[in-house]
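Two complexes follow with subunit A in common, the first pairing it with subunit B and the second with subunit C.
Now for the complex of A and B:
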């Protein structure tokens, strides 16, 4: 019975980590779209390349933060949470 | 190897400086809570380096993508983001699994660049004002 409970905990943690990483898809698409539009803007006004690059960098970093949140949650679910949950389970059973 | 754009260097320096300041603040908080040991310092060094490195690599990807066609720029950024995320996963996972790193000190500095960007308009306005004054 204990083995089944541990298996369920590990499986749910892995599923949760996988679900969290769905958020990692968004930043890549967003950054790609932003840079594509920046290319267009630089094509129209080549003299503004420095300003556009600077603004782009900040925008991409902000977009990427969402992916980092998801990454950290996934790492915690994979490597930290299972041990804690199993400890709780064992202490509850006694 | 292509020359690195001045905007990339400038922004990376700003982010790096801010990450150092926030890292020192975090160390002080750990000292204040009497939970400081060498694992906090090592975790902070690992994570801070990874955060600044990730920003720099993103800058290089943006610089590379800006000179290309729109569809190719999209692909470059998407590939770069995936590779950087994988690199960060490896680094943070190592920080979480290896006992010589403090978990909190590994995770918190990853978000320091985001905090630095939040404060960016304060410094950006000053720069713009200087240019206008000149």
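Now for the complex of A and C:
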């Protein structure tokens, strides 16, 4: 019985981590848009390449934040949560 | 060009030794304390020992030791670069040090305005510490920036600075700045609290995700090469041929480019938040009034 419970915990943690990383779609689309617009801007004004590139990198970093929140949650679910849940399970069984 | 005395040369060599020594001792410590493991594993910072404290135990981890070593290393690097700059000895590295200082001053005055020019050493310290902490992976050490605690400490420091500069016009103005449209006050408070959290998570997540992806790719290539070249006789079958190449290219991106980019972004965000939160015009107006009253 305990094996099944532990298996369910591990499997659900992995599923949750996978589901959390769906959030990676958003930053991907956003950063793609940002880089496309930056390319357009450089094409229009090649002399402002440095400014546009640094601003684009800043914007990409900020747009990445939501994806990184999801990544942190996924990493917590993969590496931290199973041990903690199994500890709780064992302490409740006694 | 003056001739260098023997004392100058000895101090030079001493500084170089002191620059390399912290990192070398960290590598030795890692080699001595890490147990032998089969294959490639992902692990957090190792805990060396725990110090008993009144409220909570204080675990001394690998990331703390490594970040202290990086700090010492940067300190002696700076001393080495500027050694003899006042004695009239002209060396090439003095120009290098001057270029770094000029670049930092230009960056800060361009992004924060001339009022904040005294921030230049702080920003330079942030960029240097963050970049070298990420680059320490090239020596095979655990990067302190992939530990949330280290980066959260920096983010809390930046948050204290932001709050200090917002409070410059008194606490009443500070509270007023949240309730700009009164209905938006809760959202403003939340976004204020989210600033240090997002700064810490951004830096930590980028460095950690890079190392996780590198490890996953390396172990996958190891398994693949065992499958493809496993039929070879003797020890030839155990050599992971496919592991050569791709992980090195990934390392160039994740360790070098991403680490330096995150250092730059952390410093840029610090500058933007500190200078953006400071009510410059109101402060100058009040200062002028005060001077007139006296």
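Throughout what follows, the second predicted complex is superposed on the first by the 94 of 94 C-alpha atoms of A that agree within 3 Å, B and C clash if a C-alpha of one lies under 4 Å from a C-alpha of the other, contacts with A are read in each partner's own complex, and residues count from 1 in each chain.
Heads up, the rule we're going with is that a contact is a pair of C-beta atoms (placed from the backbone, for glycine too) under 8 Å apart; a residue touches a chain by one contact, two chains touch by 3 or more.
Computed from a predicted model, the values in this text were never measured in an experiment.
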Three-chain arrangement built on subunit A, subunit B and subunit C clash or fit: clash
First, second, both or neither for A:3, with subunit B first and subunit C second: neither
Touching partner for A:57 - first (subunit B), second (subunit C), both, neither: both
Superposition-derived comparison: subunit B or subunit C, residues of subunit A touched: B
Touching partner for A:65 - first (subunit B), second (subunit C), both, neither: both
Partner chain in contact with A:75 - subunit B first, subunit C second, else both or neither: both
Stretch of subunit C, among 6-14, 24-32, 96-104 or 258-266, that runs into subunit B once the two complexes are superposed: 258-266
Contacts on subunit A seen with subunit B and repeated with subunit C across the two complexes: 57-58, 61, 64-65, 68, 71-72, 75, 79
Of subunit A, residues touching subunit B in the complex: 24, 27-29, 31-36, 38-40, 42, 49-50, 52-54, 56-58, 60-62, 64-65, 67-68, 71-72, 74-76, 78-80
Contacting residues of subunit A [partner subunit C, same complex]: 57-58, 61, 64-65, 68-69, 71-72, 75, 79
Subunit A-facing residues of subunit B, complex: 5-8, 10-11, 15, 54-55, 58-59, 62-63, 65-66, 68-71, 73-78, 81-82, 85, 88-89, 92-93, 96-97, 103, 107, 110-111, 113-114, 117, 120
Subunit C residues within the subunit A interface of the complex: 42, 44, 198, 201-202, 204-206, 208-209, 212, 261-262, 264-265, 268-269
